[in-house]
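Listed after this line are the structures, all set down as structure tokens.
Two complexes are shown next, each including subunit A; its partner changes from subunit B in the first to subunit C in the second.
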Partner chain A sequence: MSRVRSLVRYHSMGAIFAVLALLLLVFILVPVVKTVFSSSPGTLWDTLLDESVYLSILLTVLAGLLATVIGLVMGVPLAYLLARRQFRGKRVLEALIDVPIVIPHSAAGIALLFVFGRQFLLGKLFGHVGITFLDSLAGVVIAMMFVSLPFLIDSSKDAFKAVDVRMEKVARTLGASPWQTFFRVSLPLARKGIFSGSVMMWARAMSEFGAVLILAYHVPFFGDWAVVAPVLVNDRYAAYGLDYALPVASLVILVSLVIFVALRYIALKGEKE
Partner chain B sequence: MIKVSNLSVKLGDFSLQDVNLDVESGQYFIVLGPTGAGKTVLLETIAGLHPVVNGTVSVEGRDITHLQPERRALGIVYQDHVLFPHLSVWENVAFGLKSARCPKQDIRAKIEKVAQLVNIDHLLQRKPHGLSGGERQRVSLARALVTEPKVLLLDEPLSALDPEAREKMQRQLADIHRRLNVTIIHVTHDFEEALSLGDRVAVMNRGGVVQVGTPDDIMRRPNSEFVAGFALSRNLFRGEVVGSEDNVVVNVGGARITAQTASRGTVHVSIRPEDIFISRESVRSTAGDCLRGTITDVVGKGSVIYVVVDVPPQFTCLVSRQSFGELGLKTGMDVYITIRTSAVHVF
Partner chain C sequence: MLRLRETVRGKTAKISILLLLLALLPLTVANGACGSSRTHITVLCAGSLIVPFEKLAEEFEAAHPGFDVLVEGHGSIQVIREVTELHNEADVMVVADQSLLPMLMYGNKVPGSADDYANWYIRFATNRLGLAYTSQSKYAAEIGSANWYEVLSRPDVKVGISDPRIDSCGYRALMACQLAEDYYTDDAVFESVMGGFSPPLTVNEESDSYVILVPQAVNSTKVTVRGYSVQLIGLLEVGELDYSFEYESVARQHGLEFLELPAEIDLSSEGFAGLYSEVTVKMDFQRFASIDPEFRGEPIRYALTIPNNAPRPGAAIEFVEFLLGSDGQAVFAESYQPTLVPPEADNPASMPARLKSLLEE
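Our next item is the complex of A and B:
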């Protein structure tokens, strides 16, 4: 009798969890799917041919990619140090790195403006070498980088932590220098985590709205002016209403999904090998 | 050959204090001690992987205390092999040669030679994850040997293996040592490993070396209770195999004990104290030997009592307090001890 009861209890939990999970999946999927299918393929195609739309998508993808590459070059060494070294204040540093995730992104934009604006410290410094951040591609890139870097660093840090320190020790005794050890052992062994962190960073960068809006609302791009995709969706909605925003939104979602799914596929394929 | 003088290392809460070792060229040197004694830290410090607080490490007369690990030419093999999972067996073994910018044709020749030596030629194209424990350990050994290290450092190389693979690997280590005449420092917590492989043994406890000597010294003349506990609690004897059937008789200091072993000549015998049965009367058994002796010592330890019976040699037996009382055992009494053949371990 008690066995039956425990069986019921066990299965009732599974059933309730399944219902809750299903509700959540519906919540995530329905808006996305509905938006994507709200416009006919013809409308989507026409929207894509609109110069401001394709320039916007190109700008978003490119700036996101640049942000991720810079993040890789500078963030991976930081992640490695955080994974391997013990030092005073490490926990504070780790918390600081996640700050961009918790602050409102419009506020992040203001903060960046305050440092990278023409009359401020870093803004002046870069100004000397001809880089300005206000309403420029560089501005889009740093705004994207600021808000998306934690994803890359955290994921890379975990990946390095998962590499047995003794792998590196063995490599050293086998005659490899610290640099060789990093590039031949640590980095290859952490590559999956770094790759998936990069994908997350890129995706997050491309979807950034608030910080980009404040720092670089519209930027000169291929001889024209362009705004990033999230800003374009907002502009169309604010100026012309839902009917005009919808095809752009569908298109942006589609592009993001295609990139994301493709990268996930590559990552999973790499895992199997 | 390799000399460690007054070495002190501090690693978080753990420290090595004032370690002195002198290992001669071609020696098979064992560092023996319980978990947490600092054996691995000592080995890694010799390899250059921990900063030294005090003291020196020198190889062939040259002070290498502060030399980078990649310049020391010392090979290390860890307990759980630590092969590079993203590289094939071939690439694992080639790792050290590529670091040394060895020419391609030499790499091939050297790998083929070492692969034959440790019997992994058939595995070279495989990835590490599909290999058995013994195979991985041989690859790990080949990876270290191929760079022709001045000293081979082995960190519990047999501990992660199942008994069969361990015995094989143990023979292989002895064989490699003999054929290459390479100096080996081998860290272990297993006394039997130390006895059967070591030319010299250093016993470590709590970050320090407590005794250095030949295996025989450690076994017969322990200089402290700690070493004695490590060595004597297990009825360890050196003996001579007499007879040549499957069930052979080992002559242990006058007493003849039946054992099952393929070993011949001089061997070590160990019998756990709890496997020796004491009685007042002689016991007739086909499963073991019954020997007569005199109780020379009785040591109580909680609910169990160690009774030392001199046959000779002296056997330590473990009895419960209850049967100790029932048998009315006391020092000076003549008793019989029965040793089951299956409980006699020859190595």
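Our next item is the complex of A and C:
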């Protein structure tokens, strides 16, 4: 009797969880699917052939990639330090790194202007080597970096934490230098977490709207002008209306889906090996 | 031992947070209950009116405790799209260009109804177009109403305009530059101030009138473009821009310097309406879906309406009465927003009777 009851309890939990999960899936999938199928394949194809659309997608993918690469070079060392070293103010530092997640992104754009603007220190410094940030690729990249870095750093930090310190110590006792230990032991063991963090960072960077809009609305790109995809969707909507924004929105969703499904596949394959 | 203490501390922390949340719960519930007993009024207004309208909302609520006014600022075209395309609720709609309301709402039927979105509007405020700048702007000491276009055309001066495809301040800036050519008898003004666009902005001269054609994409190496004029203010303040075309009220509200342009070109004066009408801005592309791609130069007139599908028309009338009355006028004066006294109605026959009587006084 009690066995039956526990069986029912067991299954009722499964059933309730399944219903909740299904509701959530519907919530995520329906808007995406509806947007994608709101435009006919022909319209989508025409949209893709529109120069401003494919330039925009290219700019978004490329700027996101640049931001992620810079993030990797500078963020992974930081993540390693946070995972391995104990120092005063570490908690505060960890909290600070997550600040970009919580501040409104338009505010982030304004904050960046106060540092990278042509009147301010870093802006002047970069200005000397010919890099300006207003309406330029560099502006898109720093806006994307600012809002998406926490994803890479947090994920890399957890990955390094999961690497057994003893492995590193063994490597050191076998005569490996700190550099060798990092590149041949810690980094390979943490690569999965770093990779998925990079994917998250790239994804977040590509979807950024608010901060980019303030810093770099139109950007000179391949001898033409381009705007990032989220701005393009908004622009089309503002200038032409909903009917002309929808195909761009569906296309942007499709491209992002293809990229991230591919990346997840690569990540999963790496896990199996 | 240490661990144990930590868990105990963690537990007390958790419990205290829980207690705090529990204590806050009745507050939020009370707040929600109180909010629901007040009548909401949703006001969509042009971005350049956001400062006076926030104040209006505050004072209206203070004078009428039963109401809760929600003010949302958008570009003027966007104000209308919120209602006609996104089907969001609005009780009062306010735009910076009176011509937009008949263009986009008259004759445009509310789905599932025989009514147009709107059949009347009230002109109630004016403005003046000019140049906003700061004391840090390049050549701030020497710019004046006689040489502004020459200063703006200098290669080291950064100029901002809002997107003429979507923002009224943007297409009005183009009009002003074209009007300046006749005023200063210098036919290089437009090209030297609004230069560097690719594809270019072209001006066609047609028997005593000018048509400015705006291409599908608005990009310039010389002029910085942002969606809405209010977004240029921040860039001015951090020194990324030296000058931007703005409405006088907006520049003054933000404590910026403001260079007045001659009345013949600043689109403020009824007396020069004939002159202004010589310039038209046209969108030079086929795919302009939902708006008529032509804007004719005319004195700047802000207009408001209560859409026919407003969920709370009674409350909307109450708010409009307040806005047009002496209390509203005081708020506008404080915000440097010039008003039209008395306000004027378009198609008053369709207006609610209470508002009609207000205009007749």
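Please note the rule applied: the second predicted complex is superposed on the first by the 263 of 273 C-alpha atoms of A that agree within 3 Å, B and C clash if a C-alpha of one lies under 4 Å from a C-alpha of the other, contacts with A are read in each partner's own complex, and residues count from 1 in each chain.
FYI, a residue touches a chain if its C-beta (ideal position, glycine included) is under 8 Å from a C-beta of that chain, and two chains touch if they have at least 3 such contacts.
For clarity, every value in this text was computed on a predicted model and none was experimentally measured.
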Practice task
Could you check whether subunit B and subunit C clash or fit when both are placed on subunit A?
Solution key: fit
Problem - Contacts of A:Val99 with subunit B and subunit C, given as first, second, both or neither - result: neither
Practice task
Put down the vertex angle at subunit A formed with subunit B and subunit C, C-alpha centres only, nearest 10°.
Solution key: 150
Handout entry: First, second, both or neither for A:Leu213, with subunit B first and subunit C second
Key = second
Exercise for the section: Please work out whether A:Leu29 is in contact with subunit B alone, subunit C alone, both, or neither, and reply first, second, both or neither. Expected result: neither
Handout entry: Partner chain in contact with A:Gln119 - subunit B first, subunit C second, else both or neither
Key = second
Exercise for the section: For A:Ala107, decide between first (touching subunit B), second (touching subunit C), both and neither. Expected result: neither
Exercise for the section: Considering only touches as defined above, state whether A:Leu20 meets subunit B (first), subunit C (second), both or neither. Expected result: neither
Exercise for the section: Compare subunit B and subunit C by how many residues of subunit A each one touches, and report the one with more. Expected result: C
Exercise for the section: Look at A:Ala238 in the shared chain and tell me whether it touches subunit B only, subunit C only, both, or neither; answer first, second, both or neither. Expected result: second
Problem - Lowest inter-chain C-alpha distance for subunit C and subunit B in the superposed arrangement, angstrom - result: 11
Problem - subunit C-contacting residues of subunit A that also contact subunit B - result: none
Exercise for the section: Give every residue of subunit A touching subunit B within the complex, in rising order. Expected result: 164, 166-167, 169-177, 180, 184-185, 188-189
Problem - Residues of subunit B touching subunit A in the complex - result: 44, 47-49, 68-76, 78, 82, 84-86, 95-96, 99-100, 143-144, 147, 153
Problem - Partner subunit C, residues of subunit A touching it in the complex - result: 52, 110, 113-114, 117-120, 134-135, 213-214, 217-218, 220, 225, 234-235, 238-244
Exercise for the section: Name, in rising order, each residue of subunit C that touches subunit A in their complex. Expected result: 75, 77-78, 81, 85-86, 136, 163, 165-166, 198, 216-219, 221, 224-227, 231, 234-235, 238-240, 287-291
